[in-house]
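These notes open a run of structures that come right after.
Next come two complexes built around subunit A: one with subunit B, the other with subunit C.
Our next item is the complex of A and B:
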């Protein structure tokens, strides 16, 4: 069975966090959907809370420290990304945005992305469409049409609402798996491995 | 191997006193630092070029010419000369002039400059940074090697029948280093011409240095200038020393915490781990510096940053004493013992003149002067 790597970025702040809970359910469902397509999924989780200071340092120094570099490389090298944030003040959290600010503008080009968000009330749900989707569009990611939002009421067990959450997770995961299956394995471009010959630079003036 | 210091030329408040030096004070201080560098036995002093506060060094050749007049041995260099926003014609003239006045003790390090607003002040655009570096250096290279230049490019007015004066001293152009933190195009450029490559090797993890130098060496060989380990490599480095390492850390911490580039971010300990910064005893600086060779190979020039972030002149001069007395003599010996015979020494004017087959007068005489209407040949034949 061929393997694909799913990077999961979770920007939840509390422990345990509903953001991480949603991220794990999206990852689990995506792995199952990939398995149904004959692909094995390796899941690697990046908890941004653990990198809060690393991210601030990166803003100041211009480079990721060793710990953050591992996280950045995990996401850049993955075949797909599941990105989940709490909604703060009508948008993704600052911590979440900072990670994508320092990630490198080519890191997500063409990469399948599944978006998720959490908040206390469903009134925040369209932040996914109005704030988060444009962010990933700018980064030239290929975003699954279904984004999954979970409000407090979605976590209440057993009623029609939580069934709807499971349905949305399943649908989104299926879309992500289909995008991943269509694409070759991710390769990170290395400008040092294949430099532009100087004659080409001169000729390009 | 050459050892020296390079200065960014920042005017920064001393965070321990709140005192901000004046331009006049800093300009005199940098001259004092350069003279002290020679006095303690260092080989190189390099000065930055900037065109906006908080920096004072807009005109490095003026400063370096003044220093040249007061030193005898010191190699004078830049860190860096802006190849993007300076007219390459003016660089050719200014540095050839300085080379003559300093008796050949001049080389220069070219860099692009990373401050967006500076470019339009000089009629350029930072988005053309790489293309400017490529084209402007192609012209500079030609101006120092061909007496009469016809030129047409994308960025400056064409030249027809132009002679850059003075011609390089003894007919040999100043040695050029190309500096860049992470643009492979610049490593490629240095390799193509067989010039030196300098990595500033401060404020950034060593992996950037390692990759850039690795690429430069590999491409230097590709372009037929010699084997990869014969390429000419220079490194920066940042140190602060006291006899006891705890004293060094205690004294440097407020300067570190408030430094213009990296201050208010990582701790001194984290930054020491993540970048080549070494704060400690002279022995710790020796040990750390010797490890640079492990990831760039045998190299030709090591410059230290010791003058920035508001450190008072007195402290900087003390750092120079420690470098000259305790650190550099040991490093010289250790590096020399490790260097294989086929790896070249750092380039000097004398060595380059010898390699070119001896000194020659490269003066280009006017076909006819404006006063007599006669050429030098005609005058002499009378």
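Our next item is the complex of A and C:
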């Protein structure tokens, strides 16, 4: 079975968070949808909460430290991205936006993306469409038509979800899997493929 | 145009109306965003007879404390200043066609409705005129959600316009100042 990598970016603030819970459900459903297409999924999760300080440093220095570099490379090198944020003041969270602020302009070009968001109220569902989708449009990602919003009332206790939310997760995951299946595997960055010439290294001394 | 706020421009205790606060959402210190934002606040302040420069909350100094969870004395002071402002200029550079994550991380720490009673003036500085609508599409709804009174229009300043800042700010200020003065007047009557 051919393998595809799903990067999952979660901007949840608490442990456990409903944001991470939704991200996990989307990843699981996407893996199942890929399996139905004969593709195996490897899931790599980036919890932005753990990179808050790294992101603040990056904003000032202009480059990511080692820990953040790993997270950025995970996202840039994945075959697809599942991005989930809590909604605050009718938009994505500041932590979520900061990660995409420091991400290279080309990192998501052509990459299939599944968007998810959580909030206390369904009133803010359209934040996915008016705030988050334009962000990924700017980055020239290929975003699945169905975005998944989970309000407090959608969680039926524990990690069980309402039938409506479960259906929506399944539909969105199916769309993402179809997008992944129709494009070639993401090229894996090989640090040894294009080494800096020794002369250039010497010249920099 | 200048609207002197005379009788209505005083609180019951006789103090001049309007604490003016400028919030700068650029992660780098000494940013052009800050220069433009302070000039914008001054253009509005001068037209409504507000004395003094007002306070500036520059998030460049608070970055690490804003993104990481947990309390920070500096952030608390900044949040109080912003929530207590009568007139608040909210300024950001344009990153990925919207306001910065840093600005949003600060606003995320305000409780719901924290800007009720505040007149907020959204401002984005940008290199590309094609992003001008981001002020109205992205920054305005956040301020509205926080309860602010948000006069129209918001202000998109192109980097290329910075040499002619006075003219750009003057045109904008003439349009928003009647709305700001009206909101301040209502605040005094309430």
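As a working rule, the second predicted complex is superposed on the first by the 182 of 205 C-alpha atoms of A that agree within 3 Å, B and C clash if a C-alpha of one lies under 4 Å from a C-alpha of the other, contacts with A are read in each partner's own complex, and residues count from 1 in each chain.
In this section, contacts are C-beta pairs under 8 Å (C-beta built on N, C-alpha and C of every residue); 3 or more make two chains touch, one makes a residue touch a chain.
Note that the coordinates shown come from a computational prediction; the quantities given were computed from them, not determined experimentally.
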item: Which of subunit B and subunit C A:55 touches, first, second, both or neither; value: second
item: Dominant contact partner of subunit A by residue count, subunit C or subunit B; value: C
item: Touched partner set for A:97, first subunit B, second subunit C, both or neither; value: second
item: Touched partner set for A:63, first subunit B, second subunit C, both or neither; value: first
item: Subunit B/subunit C common contact set on subunit A; value: 56-57, 59-60
item: Subunit B to subunit A touching residues, read off their complex; value: 130-131, 134-135, 138, 153-154, 184-185, 187-189, 191-192, 203-205, 208, 211, 214-215, 219, 223, 261-266, 270-271, 273-274
item: Residue ranges of subunit C in contact with subunit A within the complex; value: 27-28, 63-64, 66-69, 95-108, 110, 137-138, 141-142, 144-146
item: For the subunit A and subunit C complex, residues of the former touching the latter; value: 13, 49, 52-53, 55-57, 59-60, 88-101, 130-131, 134-135, 138-139
item: Of subunit A, residues touching subunit B in the complex; value: 56-57, 59-63, 65-66, 191-192, 195-198, 201-202, 204-205
